[in-house]
Every structure is written in structure tokens, then in C-alpha cells.
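Below you'll find the structures, each written out as C-alpha cells.
Two complexes, one shared chain (chain A), two partners (chain B, chain C).
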Partner chain A sequence: MTRTLRALPTLLRIGLAEAVAYRAEMFVWVLSTTMPFVMWVMWSSVAERTPVVGQSGKAYSASAFSAYFFCAFIVRQIVSSWASWEMNFEVRQGTLAMRLLRPIHPMISYAMGHIAALPLRFFVVTPVTVALLLTCLDELPKDPRIWALWVPCMVGAWLVAFLSNIAVGTLCFFMESSLKVMEVWLACLMVFSGYLIPLDLFPPALRAVADVLPFHYQIGVPIEVMTGRHTFEQTARLVATQWAWAFALLMLSLVAWRSGVKRFQAFGG
Partner chain B sequence: MISVRGLKKHYRVHKRPPGLKAALKSLFKREYTTVPAVDGIDFEIKPGERVGFLGPNGAGKTTTLQVLAGLLYPSDGEVRVDGHLPQKREVAFLKKIMLVMGQKQQLLWDLPPSDTFELNRAIYDVPRDEAKKRVDGLIELLQIGDVVNKPTRQLSLGERMKCELAAALVHGPKVLFLDEPTIGLDVSMQVVMRDFIRTYNEQFGATLILTSHYMDDVAALCPRVIVIDKGQLSYDGGLDELVQRVRPEKRVAFRLSAAVPLSALEGLGKVVKNDGAEAVLQVPVEQVNAVVGKALQSLPVKDLTVENPPLEEVMSELFSRSRAEKGKAA
Partner chain C sequence: MGRYLQLLKLQLRTSALLAAQYRWDFLIDGLISLVWAATAIAPLLIVYSGRSQTMIPGWSMNEALVVTGWFILLQAILEGAINPGLQAVVDHIRKGTLDFVLLKPADAQFLVSTSRFQLWRVVSVGTGIAVFFIAFGRMGRAPSPAGLAQATVLLCTATLVLYSMWILIVSTAFYVVKVDNLTYMFSSIFDAARWPSSVFRGVLKAVFTFVIPLALMTTWPAEALLGRLEPVTLVYAIAASLGFAAASRTVWLLSLRRYASAGG
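Showing the complex of A and B:
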């Protein structure tokens, strides 16, 4: 463990250097995540014409939608994972062998690669955060305790995103490829996470489904915390559930990894 | 150092004939076949030995190396490397070994090799001073000082392969598995790599297992060879003994000052080559002295050499014999 901790700064530094090398690709990816701005324009114009009230009884003004979708963009930039694609590629090419030969768990090296890419993402997030603060300050919670919970909430959201990617990625040891499963997962994420529509606006039956799935805890919960949709007590409960999901996904990933690696065929010879 | 007992590695492979009908059928019912990549082999390797794994494509060489390196779980049998079960991939085991694959790279593609060296130093927890000393030594031995700070993608294949080797050795592995380390390299670069590998083995006493399709690699590096064919061990011993066993003949090559007719050579031995300037005969070992004496009297010989037959021919004959024997047995 101490040995792994000692290696982390170097892993992060090299990961950042790699992220910088792939900066053009990252900025193209950012263009593909601008959907919250489209939804913002759409829902704001709806809110200007007619009152929009969620299942909770709370109203959504045009300004509330602005805050919601600015936050959706910020959360998506920070809470994203591509581990499933990396794993599928490496298993098919046999290059996973290189990770397996190193005395550090591959899940840690994938995680460090993701965390190392965050500073570049902050470049994209910063102007949107400034816009959020300048235009929607009134929509943000005033209770400092909620902001204190927002930090573990973002970490939990990142863990749910990363570990669900790993869990789906490990399926490629059992199937020929798990990329299609990941596409289905992403489609569910778009619908059930609150990324495109606040879950509060869902019909009750659909909302009940969303509440028992992990997607909400990856995107929707951090946005709702940032936009003050929950009391401190509700936020604490949501963060606790979110971390329970992260723990369950960690266990699932570890078990699937251990069993999957036994099936790894490494290709060649 | 390495002990292999009854090692088997069988792959379950999905079998599907070509065509749309077969594709649709495979949607509902899949047929699998078991391919015995390695089918019960035993051997021991002592510390510091240099051993060559030989065999045709698909013989099971790389599979065996990957089992030894802990990448593959054996289907049966027991493998121990310096007391470790490789498939457990314990940290202590991983810090002792390295597998270099000529067709796969560990260097970070868009970063200079020096970054991969530093990454490996951190991951293998090598103290900075020790790593610096070792890396400087590797850079000097491999003469890569001017390339380690260029992005890997801008390096030539030879430069990249040298950097791959250096990256693999940052932690000073005691056991080095080399899978086709000179593949695609030109002749002079192959010589550089061989010299380096031998120097590393001699300086650090590392155990070395090599697979290569270039017989010159094996001849230059490995006093002992293990021959695998269709997953089974068909020879384990010295390279010279192998040659003697398979081809108990020598090649006598004459440089001639004038062309000689074929009939003048045929009485001396089996004519392998006769192009006017050079003639090569294959003769039984016990007749070499007599043949040389006769040739010096009857032919316009400028120079002559006596050699073993090329290793490629020896191996080709060994594999065809082995298959013929298995065919008969079946």
C-alpha cells in the first residue's frame, strides 16, 4: 500500500503529460458534451412561457434551468470515465498484458490516468463556473454545510462513474467486446441521470425507477446539491446512498476483474 | 529458478465456418473447440541460464512464456518461478521478472522513453539513486542517449526496441522473458541487441528465456534450447547436440579459383551449392578429413571452411521428422 502511495505522484505526473499530448482529442470530446446548453435553451424558453413545477412541488424558473444545466455541464466534465473503452481496446489488442506485468493493480493505473486528466478539464470548466456565479448566484445554496457535502458528493459521483465503467469493461473478458453494453449503459445514463432533464420533472413511475438505479448518483445528485434542491439532511442521505453504490460497484468490479483476468488470453503464440 | 511440471494450456475457441448461414447459425448455437496450445511439458531452468525456446508458429512458445510471466492461468500442471506461482501475480514475483514482447510495447507512445523509465521506477519502487545509476548504464550500453527524450512515436523501430529493453530493465529483473525481441530489426541492430542481452545476463546473472524465429539469435545467445512443437516438448538440451542429432553432417565450403564440373564434386559428398566461385558439400562428420584432403588435391581450392548446417535447416528437419513420427503414431 505504501509502495502504491509512493508511486501515485509519478503516475499522476505522467498521466497529465499524456493528457496534454491528447489535448486536441479531449477538446473535441468536450464539443460532444455540450448537450446541457441545448437543453438549457430549450427548458428556459419553456419556463418563460409557462410555469414549470417538479414532482417535489418546487418551481423551475428560467434562471433555475440556467443554473441546473450549467451545473450539468460542470459535473459531466469532472465526472466522466473512459475506462471501459480503454479496457476493451487493451484486451482485444493484448496490450493489457503490459499492465498486468506491473506490480500495481491495473484499476489503480486506470484511475490515475483519469484523475491526471482533470486539470485540463478545469480549463473548460472554469469559464462555465464563472458564468454560473455571475448569472445564477441566487440559485445556489447558501448553507455552507451543503457545500461541505458537495465535495464528497463529487468524489462519490466520480467513483460511481469510474467503477461502473470498470464493471462494464470487465465484461469484455467474458464476451468478445463489451462496448455495446457500454453504449446501452450510456443511453440509460442520459435518460435516468438527470443530465438532460431534471429527475424532478419525470412522471412518478419513471422517477421511482430512476431512484433505484445508480445513474442518478453519478450526475443528478451532484447537480441537485449544487443547485440547492435538497436540504442538508436530504443531501447527507443521498451522499450516503451514493457511496453505498460506489462500494457495491467496487466489490462487483474487483470480483469481475479477478474472475475475468483468469480468462484473459493475451493473444499470440 | 524455473520449474515446469506437466504444464497444459488449452484454449476454448469458437469455431465458425465462413458465410452468412454459418453467421446466423452461430447467433443461436455456437460450436467450440479446444486447442491444446501447450500440452503437458516439463523442464527446469537454473539461475543465470540462457535458454532458447524454439518451435514453428503456433507451437506454444509464447503461450509458455506468458504462463511463466503470470499473464495466463495454466489449464493444468504446476509452474514455479523463483518459488512463486506466476498466476498469483504477487508483487514480489512481478518485481523479479519482466517479459519483453517484440510485437507489443510498454513505452508510452506520445511521451519520450525517459517518462516510461520514470514511470517504471515509481511503479517498481526503485530508489531514485539506484534507478538513475541503472538507467544511465543502460543508456550507455544501448547507446540511446540521444533518443530517450524524443517522443516514442518519432523513434525508429530499432531505437524503440532498444528503449523497450531499457524500460524493461529499470527494476533489474532476475528473470527476463524475451519474446521475439529482434523481430523486424535489421541485421546490425540484431547484433547490438544480442550483445546487450548477453552482457546483461553475464553482468547481473539474470536468467534468460528467449523465443525467436531468427536462429542466429538463438545460436548467439543460448547454449541450451527447448524445442516445442504442437504444444509438446520435442527436445531439451545443448544446441550443438541438437544439431549433431538431427544433422550429423558438416558443411564444407570451398572458395574456388576456377569453376569445376558438378561431376568432380559429386564423388566427394552431397552437393549443396556449386556456382563457379564457391562449392558447398554436405559430408558425414567422420569423412570430413578425407573429403578435405581429396578436395585439396583435385580441386582449385583458394580457401575452405567446415561448418555445421544452418540452424534453420536443422529445425525444419526436426519439425518434419517430429510430425512424421506423430503421424505414424496416430
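Showing the complex of A and C:
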């Protein structure tokens, strides 16, 4: 345990160096997350013509949509995971063997790689945050307690994103590649997380489906907390459920990893 | 010319053999295509749910659905015919294996563009056409023959513009080497084509009309099918697509000159 802890700073340093080395690639990744802005254009054009009222009875004005999709961009930048692609690649190339040789659980080394990329991501998030504060300050919650809960909410969202990626990634031990599964997962994430459409605007039947899936806790919940859609009590309940999901996904990925890695044969070479 | 047709036939055959080898992909790609189509249609359904008025300026629900149909169709062409071949160029440049392509006694751009097709994306083409049928079925009418003819012309110009823009983007790989994910960037720009272009205003409208002509790709063909396209637009579309094609060819040739190979 202490040995793992002592390795963490070095792992983070290596991760950061890698992120800086491939900064052009990361910049392209950032440019490719334009979806919130595409959705924002459409929703605000709609909101200017007729008032949009959600199932909860609260209205969405054009500036509420601006706030929502600015936050969607920010959340997506911070809460993002590519672990399942990394795993698929390494299993196919056989390079996962190198990770397995290290005296540290591979899940931890993947996690460190993700965390080390965050400083560069903050670089991109900062201007958008400034734009958010300048244009939609009125849409943000004033209650400091909500902002206090927002921090664990972001951590929880990141855990859900990372662990679900690992869980889908471990499928590649059992089938040749889980990239197609990931693609279906991603499409569901787009619709049911609130990334494209605020969940509040869903028709009740679709909303019921979204509520039992983990996707909402990955992107939608942090956005809703940031834009003041929930009271303090509601927020607390949502964060608790979110962490329960994170815990369940952690158990699932640990079990799947354990049984999957036994089948790993390190082909390639 | 005949030689190139024969080459195209050969390349298509290799892709067909490859597709036949991974038969199960037919089912999986079909499923994925349906899921992505659902993500394109879901926002429209929610925007228009329970409201009869036009929520997007100048477009009713069914008319907007026609635009989405074009979006799905062109995305299938992009991912099935354009992306795979040109993704290969990026790999070739990084590894230095573009040498082998350049050595062959045929045009390099032709060879790389036709080198791979994802034939199972045909399923998505089917999905897009199905969306047209649904939309026109709900409107209770069919597109006019003239509209169909205009739409066919616009399909060609849209494909040509998509392809030319891809060549332009790929050419940057000669300058910046590590750009594996360019595909994703272009796809995400193309994402904005899923709405009728009237939702864009101000600067964005200018950008998406003149710089990245998204309107040409989905909105105009949809208007053609709906039978309300100004004939002048057709002329503009043809001129723009030819202009793009010429520009991309020039840039490709210039960039190729910069290619310095790489050590193996």
C-alpha cells in the first residue's frame, strides 16, 4: 500500500510529461468536443421563439441554455475517460504485459494517466469558465453549500466515467475487442446523460429510463448542480446515489479485471 | 481513365472481401447505426414534442426530419467511403510507408482515397433513406421528380465537398505529424450539419455557409426534396463544390512535395 502511494507522484509526473508531449493531439480532442455548442445553438434558437418548460415545471430561458451547455462543455472536459480505448489497444498489441509487470494495480496506473492530463484540460476549461461567469452569472446557484457539494459531485462523476470505461474495457479480455460495445455505450451516454438534452425536458417515459441508468450521474448531475437546478437536499441525495454507482462500478471492474486478466495471453510482440 | 475504373473495381473487391470476412460486423454495425440515428432524431422529437408550431425557424418537425435523414446519409458516406481511406494516409505519413504508395504508377491521391471502404456502412445509408420515407409518409406526400433530380445533384456536390475538405485536413498531416484523431475533429464539425441551417445566426451562419458549407450538405438537399429550393442555389452548389475540389487538389499536390519519408 505505502509502496503504491510512494509511486503515485512519479506516475503523475510521467503522465503529465506524456500529456505535454502529445499536446497537439489533445488540442484536437478538445476541438472535437463541440457537441455542447451545436446543441446550444439549436436550443437557444428554440427558446427565443417559445418558452421551454421542463417536467419539473421550471422554465429554460435562452440564457439558461447558455449556462447549461457551457457547463456541459466544462464537465465533459474534466470528466472524461479513454481507458477502454487504451485497454483495447494494449491488449491487442500485447503491451498490457508491461503494465502487469509493474508492482502496482494497472487500474491505478490508468487512473494516474487520466489525472495527469487534467492540468492541460484546465487550460482549455479556463476561458470557457470565464465566458460562463461573464455571461450567465445569474443562472448559477448562490448557495455556497451547493458549491461545496459540487466538488464531491465532480469527483463522483469522474469515478463513474473512469470505472465504467474500465468495466467496458475489461470485456476485451473475453471478446476480441470491446470497441464496438464502447460505441454503443457512448451513444447511450450522449442521449441519457443530459449531454445533448437536459433530462428535465425528456418525456416522462424516457426520463424513467434515464433515471435507472448510470449515465445521468456522469454528466447531467454535475451540470444541473452547477446551474442551480436542485435544492441542497436534492443535491445531497443525488451525490449519494452517484457515489453508490461509483462503488458498484468499482466492484464490478475489480471482479471483471481479476477474471479477465487470467485469460490474457500477451500476443503480438 | 479505363485503367482507373479497373483499379477502383479492384480496390472495391478487396474491401468487399474484407467485409465478407467480418460478416458479424454487418449486424453490429447495423445496430450501432440505429443507435446513432436515434441520437440524431431524439433531440428533434423532444424539441417538437407536444408542440405543433415550427420550433426551428421555417421548419416543421417532418421537414427537419428530412434534414436529419440527409445528415445520417452523408455521415454514412463520410464514415464508409471517405474516412477509412484517408485515415490510412495519416498512418502512412507517420510510419513513412507512403513511399510504397508513391512508387506505384498511378495517382497517389486516387490510390489512397480508394484504398479502403467500410462496406457495412451501407446499413446507415439504408437508415437515412428510411428516415426520408418516414418523414414524407407523415407529411402524406412524395417528393417531386424535379426535386429528386435536384437532390441527386446536390448529393454529388455534397459528397465532393466532404471529400475535398477531408483532403484539405489530411494535407495538414504532412506538416503536423501526430494527428491520429483528425477524423474525430472533422466528424464533430460535421455534427453541426444535423440542424437546418436557419438555427445559425450571425458569425456562425457566415462560417457555416462560406467557410464550411454545411448548408450545402444537408439543408439544401432537404429543401430540394421538399421542392422549395431556389434553382440559383443549385448553380452555387456546383460552383462551390468544384472550387473546393480544385483547391484541395492543389493543396494536396503542394503538401505532397513536403513529404520527406521517415526512417523505418
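One rule holds for everything that comes next: the second predicted complex is superposed on the first by the 267 of 269 C-alpha atoms of A that agree within 3 Å, B and C clash if a C-alpha of one lies under 4 Å from a C-alpha of the other, contacts with A are read in each partner's own complex, and residues count from 1 in each chain.
Please note the rule applied: contacts are C-beta pairs under 8 Å (C-beta built on N, C-alpha and C of every residue); 3 or more make two chains touch, one makes a residue touch a chain.
The structure displayed is predicted, hence computed values, not measured ones.
Asker: Fit or clash for chain B plus chain C once both are placed on chain A?
Answerer: They fit side by side.
Asker: Which holds for A:262: it touches chain B only (first), chain C only (second), both, or neither?
Answerer: A:262: touches chain B, not chain C.
Asker: Of the two partner chains, chain B (first) and chain C (second), which one does A:188 touch, if any: first, second, both, or neither?
Answerer: In the superposition, A:188 touches chain C alone.
Asker: Which partner does A:5 contact after superposing on A: first (chain B), second (chain C), both, neither?
Answerer: In the superposition, A:5 touches no partner, neither chain B nor chain C.
Asker: Would you check which partner chain A:32 touches, where first means chain B only, second means chain C only, and both and neither mean what they say?
Answerer: In the superposed model, A:32 contacts chain C only, not chain B.
Asker: For A:49, is the partner it touches chain B (first), chain C (second), both, or none of the two (neither)?
Answerer: second
Asker: With the two structures laid over each other on chain A, which partner does A:212 touch: chain B (first), chain C (second), both, or neither?
Answerer: After superposition on chain A, A:212 lies in contact with neither partner.
Asker: A:95 contacts which: chain B (first), chain C (second), both, neither?
Answerer: It touches chain B, and chain C stays clear.
Asker: Once chain A of both complexes is superposed, is A:22 in touch with chain B (first), chain C (second), both, or neither?
Answerer: Both chain B and chain C are touched by A:22.
Asker: Scan A:196 for contacts with chain B and chain C and give back first, second, both or neither.
Answerer: second
Asker: Quick check: superposed on A, how many Å separate the nearest Cα atoms of chain B and chain C?
Answerer: Nearest C-alpha pair, chain B versus chain C: 5 Å apart.
Asker: Both chain B and chain C contact which residues of chain A?
Answerer: The overlap between the chain B and chain C interfaces on chain A comprises residues 22.
Asker: Quick check on the complex: what are the chain B residues that touch chain A?
Answerer: It is residues 11, 37, 58-66, 69-73, 87, 89, 91, 94-95, 97-99, 101, 103-106, 108, 110-111, 115, 118-125, 151, 179 of chain B that touch chain A.
Asker: Could you please specify the touching residues of chain C with respect to chain A in the complex?
Answerer: 28, 31-32, 35-36, 38-39, 42-43, 46-47, 49, 51, 53, 55-57, 176, 178-182, 184-185, 187-189, 191-192, 194-195, 199-201, 204
Asker: Within the complex, which stretch of chain A touches chain C?
Answerer: 22, 24-25, 28-29, 31-35, 38-39, 41-43, 45-46, 49-50, 180, 183-184, 187-188, 190-191, 196-197, 201-203
Asker: Quick check on the complex: what are the chain A residues that touch chain B?
Answerer: Counting only chain A, the residues touching chain B are 3, 6-7, 9-11, 14, 17-18, 21-22, 93-95, 97-98, 100-104, 262, 264-266, 268-269.
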